[in-house]
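The chains carry the letters A, B, C, D and E, assigned in the order they are written, with residues numbered from 1 in each.
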């Protein structure tokens, strides 16, 4: 569904991604893990057309994403939930969610999705009218994921969804991802939380200083020495 | 006493009319401000362009100046889009001050281009259904046709803007873009197009205002100055991005500007000695800025603002 | 007398009571963890303590002084520093300059401020980044700079809001060691909120648990995590069965 | 002591910058001796005046990031203090200038206090409003001549160093150059001072700044006062140099914007920015005007070109000319 | 030798708010220079008979025109350039009184003569300057003319109007723009109203170039004045009349202190301004009573397509004065010019403006003021061709038409 080939991205001459290749098949859940500053977010941003790609390309469902505007990419069904959430802070929870469904034209469909999200995150239902900016960190994360679901994406890219969440919440979010995945959604997950991420996904990539160090079925990775040492502190 | 009440009533009516005119001029600025957070120093120049557009096309087409308003709107929208793509887009890469000096350059450019082409003489529409008409509606209460039309247009335009932003999908896109451009992109909103649209709308609305005003106000290349500061104050007082705020603030400023005759009437009531020498006409705009400042200090986000 | 005493502090936002008569203390040589589910009111409490928000009720004492009416910048000068959970730097200052700003709380001299900044950057292992702009650093290093900046202001008590968020296990380990050193060598009291339980467990002498604005538990870390109430509200069941949320 | 060392500390600039600055200084010192037209001299004086205005503005607008579009009111206070004191009480410039600065700074505290409750564009527009209010009041205040303005009496004996009345412009030039150098050193010290760092922290993030013990409101007011002192000083000089002042030419919005423009175009928040800005804008304005403005049929062309160049610079490098230099060097250096 | 020349620096506002005025001012000066530099048989002026300045060996007058944009500082800088770099013999300008002030201060410092033909601030000639002379009468005179006219109306001296009862005109309302110029006029109106014992019910200053004048007009019509007096520039003048009309003001007489009330674009309002008075120093109708004016006006019209007006005629006269002064001085030495200025008398028949002549005297605390100047008051009247034109109604002896009184109101 999504294929990334030899992607190179640099900021002000400094290479951040140095030829990254990656593949996500339909219905799969794929995780990208790696330490801080490895370039994980940059990878997703590059796919979304938000970072200047110097070479390499990304193809989504047969369409080359090079040169496409971000909004076009979203309309293709590729939705990105950024690390810093990017909520519309002064707007209410519900307005944020509705904006998530901006590219959906059928009001009934929007309503349906809204109910689905509220069911997924009852806390959001309680706070429908609260301004997004005044919610706690975890609540904001739920809203961000919920908003990402509103347009009915074909591929959902989540950038560190567990960031700043309470343990209980973290498992809830991962549970949600698991459920979404079971419902057939394709997911690309970027996580710091290596074990959970790998347990959740089919396939994993280890990104380090801009290169893929290792890849393979998640269960294999979980057992690999390199991962156990570098990320699981074992 | 009666004279005082009459003066007050007259001022109220005149203030309301003038206030709606101010609001109309400020509407385009609010839209641009609201969506893009850009201070457009050249706003008054857009007004001037609209005025010239009507002034020049009416005799050319041989129609009443009022009928050329759609053309003015077109010119304003075109100018807005041109400015956005040619200049503003690039300014947005930098800090806020870049907008200030970029649009200041635009202001100098447009103003003096007009000077080269049109000369500095003030010009005005001499024929048309609005020209020179006014209606007496009470003892000494006269409503000028142009102002009346502008006030009506103002109400209509504000309703339209409110409807667009509050009730339509385009409006949602405008709001989202104004809050967070990047986030709006992730929602699938074409922010470039939304921004250009905001400039087109802003430009069109102020150009239409210009086309209407030239029935009463003379236009010259410097005419923008008269209205720009008032428009700025109107928009800030109402709260950036608040359509309702601009309307209320415009009317408020219109009222403030009409205070001097009431003051005079009051002095006359108290006795002519006091009336001697102390007129506040020369300070009427001073009061606008002063009251603006005082209100802002108490409500730093403007009357209806929520953005900061 | 405790270094920090929070006495019956409440904070309302419109109809929402984000902090409800919360009381606890932090001793002069203590590390206290503040945990609780998202939206429990931890950040809000920090903001009340640090003078960023005026409290709706209750009092805060620091170093024997009632600091309830003081503003945040006054509180900082008394020796109570904090970091922000979420912050953006537009980046006019380099990393070293950022830390110098912290040092300027105690000195007016650029020379001294610079020396102090270099010392802390060295201590936190980010001396090599001194000349970079903050925006050029990855988030985790930005947080470390923020830590250095807060430390450069010579605080007696440091409030840390989720400094470990986004770090992997190995990095959390490093941070724990670092904070332990800071606590030991500089004799600093710490009050930290964190969702990364290893961090809380490893560092805290005592843990305070909030839920929906109320304090629901307080005690030694080992005991608190066994408290069924805490498990229900915060940790979830699977944590008790040995696994924890963060690998 | 350290303050003085800070003022002379340019070590954060690369050698190239200091070489260029040194060469420029030599040129400035020697300028009156070089062959030049009187218009060039007049332009040079304008350049120095606007550099100083810009330097002042830069403290509040550049370092602290508060876009102030009302500086003209302080030009007015400086200019009027000098003019009123000279016309009414025969007070020499060297006395009235500090008095003018003090009055301006006093006024800046009074309005700065409420003003800095506002942020961003609200602040910018409020500064315009305050300046316009003061100008309007001066226009009806008879004591200062109202809209008619004030004319300084010609004292007749040239050169008169006490009252700053000279026939030849190079006297004015050197006096202004001395102010310019002093001003530059002061700013250099300022940006190295605690306040300088704190202001930049405020510009970055006010909440963080406050958490670092910085009284944001008060720091802004202080920076505003420094900016005001510069502007008022040049205002006083302006009165003596121009011999006639009116509210319209000392306190207009145009002047306020022009002052801000120097630093913005040159590069706000950098030491050289205002000087670079003034060295581009001032000569461009004068010479475009005198070449094109006087030609028949070209009325306005000079300002069209001027406006276009400003737009171009803004569009190509929104951080101004100094931003271009930094972009070429690849990294931000020196502030 | 024919290659000799005398350079005169000319400073006018060619861009900015007064650019339109600047253009005709420049044209006036250029025409005068042309007449001085060539022998022109059709014009009954001494300077038309010579080619160049005869006493200086036929030296040609060369104008160096600069644009001060209405900016006093720029004006002063340009004056320095003219004096030091271009080495002009003297300066003509500058229209705006504020610019004239700074420029004349420069001239005073350098000891270079300056003749001013078009700035009407009374203050200019009260400064004891040794190098400044003004040919035009100033606002004090003009305002006095107005009151003479008002008195004349009550005494039946005005052509075509029977004596008007005093109380009909007794109440006055004035609005002047809040500028250097306007506040002077306002002061003069107040002084003369007192002197001539009129009741000045309203005397307000308004913010120039304001987007709304309805509050001003409201206040002015409240005391039901007989005469309304204005000092406004072009766009304000138009807006003022429009507002008077839309608020249906009904004064008996409206008078404008030149400026905006004497501009072509003001005239475009046609029937709306019929009956409005404006003071001036030159009206095309002067040509009917003064031959030389007609001759010059024809020439001017040929070149510029418009009639001479107050601005161009005064600019013409200013440069003409320069030519006569140079002729008398016989040299471009400043001292000689200074002496010539102080001694010269140009007879009235030489001038296009209807003055008794040009003679600078120091009287009544003024220095360097032409004491033979005179103002006119014109009234807009419908001409036979259906166009609106100005007829002279004051001075009474120069009246070219019956005065319309009262005006029909709006």
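Criterion: contacts are C-beta pairs under 8 Å (C-beta built on N, C-alpha and C of every residue); 3 or more make two chains touch, one makes a residue touch a chain.
Please read all numbers here as calculations on a predicted model, not as lab measurements.
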Each chain counted as touching subunit D and subunit E at once: B
Where subunit C and subunit E overlap in contact partners, by chain label: D
Pair joined by the larger number of C-beta contacts - B-E, B-D: B-D
Computed distance of Cα centres, subunit D from subunit C, in Å: 43
Euclidean distance of C-alpha centroids - subunit A vs subunit E, Å: 77
Subunit B and subunit C: spacing of chain centres that average the CA atoms, whole Å: 49
Shared-contact residues (touching 2 or more other chains) in subunit C: none
Shared interface positions of subunit B, touching two or more other chains: 112, 115, 120, 282, 285
Per-residue overlap in subunit A, given as positions that touch at least 2 other chains: none
Partner subunit C, residues of subunit D touching it in the complex: 2, 6, 65, 192-194, 197-198, 200-201, 203-205, 207-216, 269, 332, 335
Residue numbers on subunit D that touch subunit B, as the complex places them: 61, 65, 67, 69, 114-115, 117-122, 124-126, 128-130, 132-133, 136-137, 139-140, 253, 257, 260-261, 264-265, 268, 298-304, 306-312, 314-320, 323
Subunit A to subunit C touching residues, read off their complex: 11, 35-37, 83-84, 123, 134-139, 141, 160, 162-171, 192-196, 230-233
Subunit E-facing residues of subunit D, complex: 37-39, 41-43, 46, 136, 139-140, 146-149, 151, 154, 158, 167, 169, 238, 242-244, 246, 248-249, 286, 289-290, 293-294, 299-300, 302-303
Sites on subunit B touched by subunit E in the complex: 3, 7, 10-11, 14, 18, 21-22, 112, 115, 119-124, 126, 132, 134, 136, 142, 144-147, 216-218, 220, 222-223, 225-227, 230, 257-261, 264-265, 268, 279, 281-282, 284-285
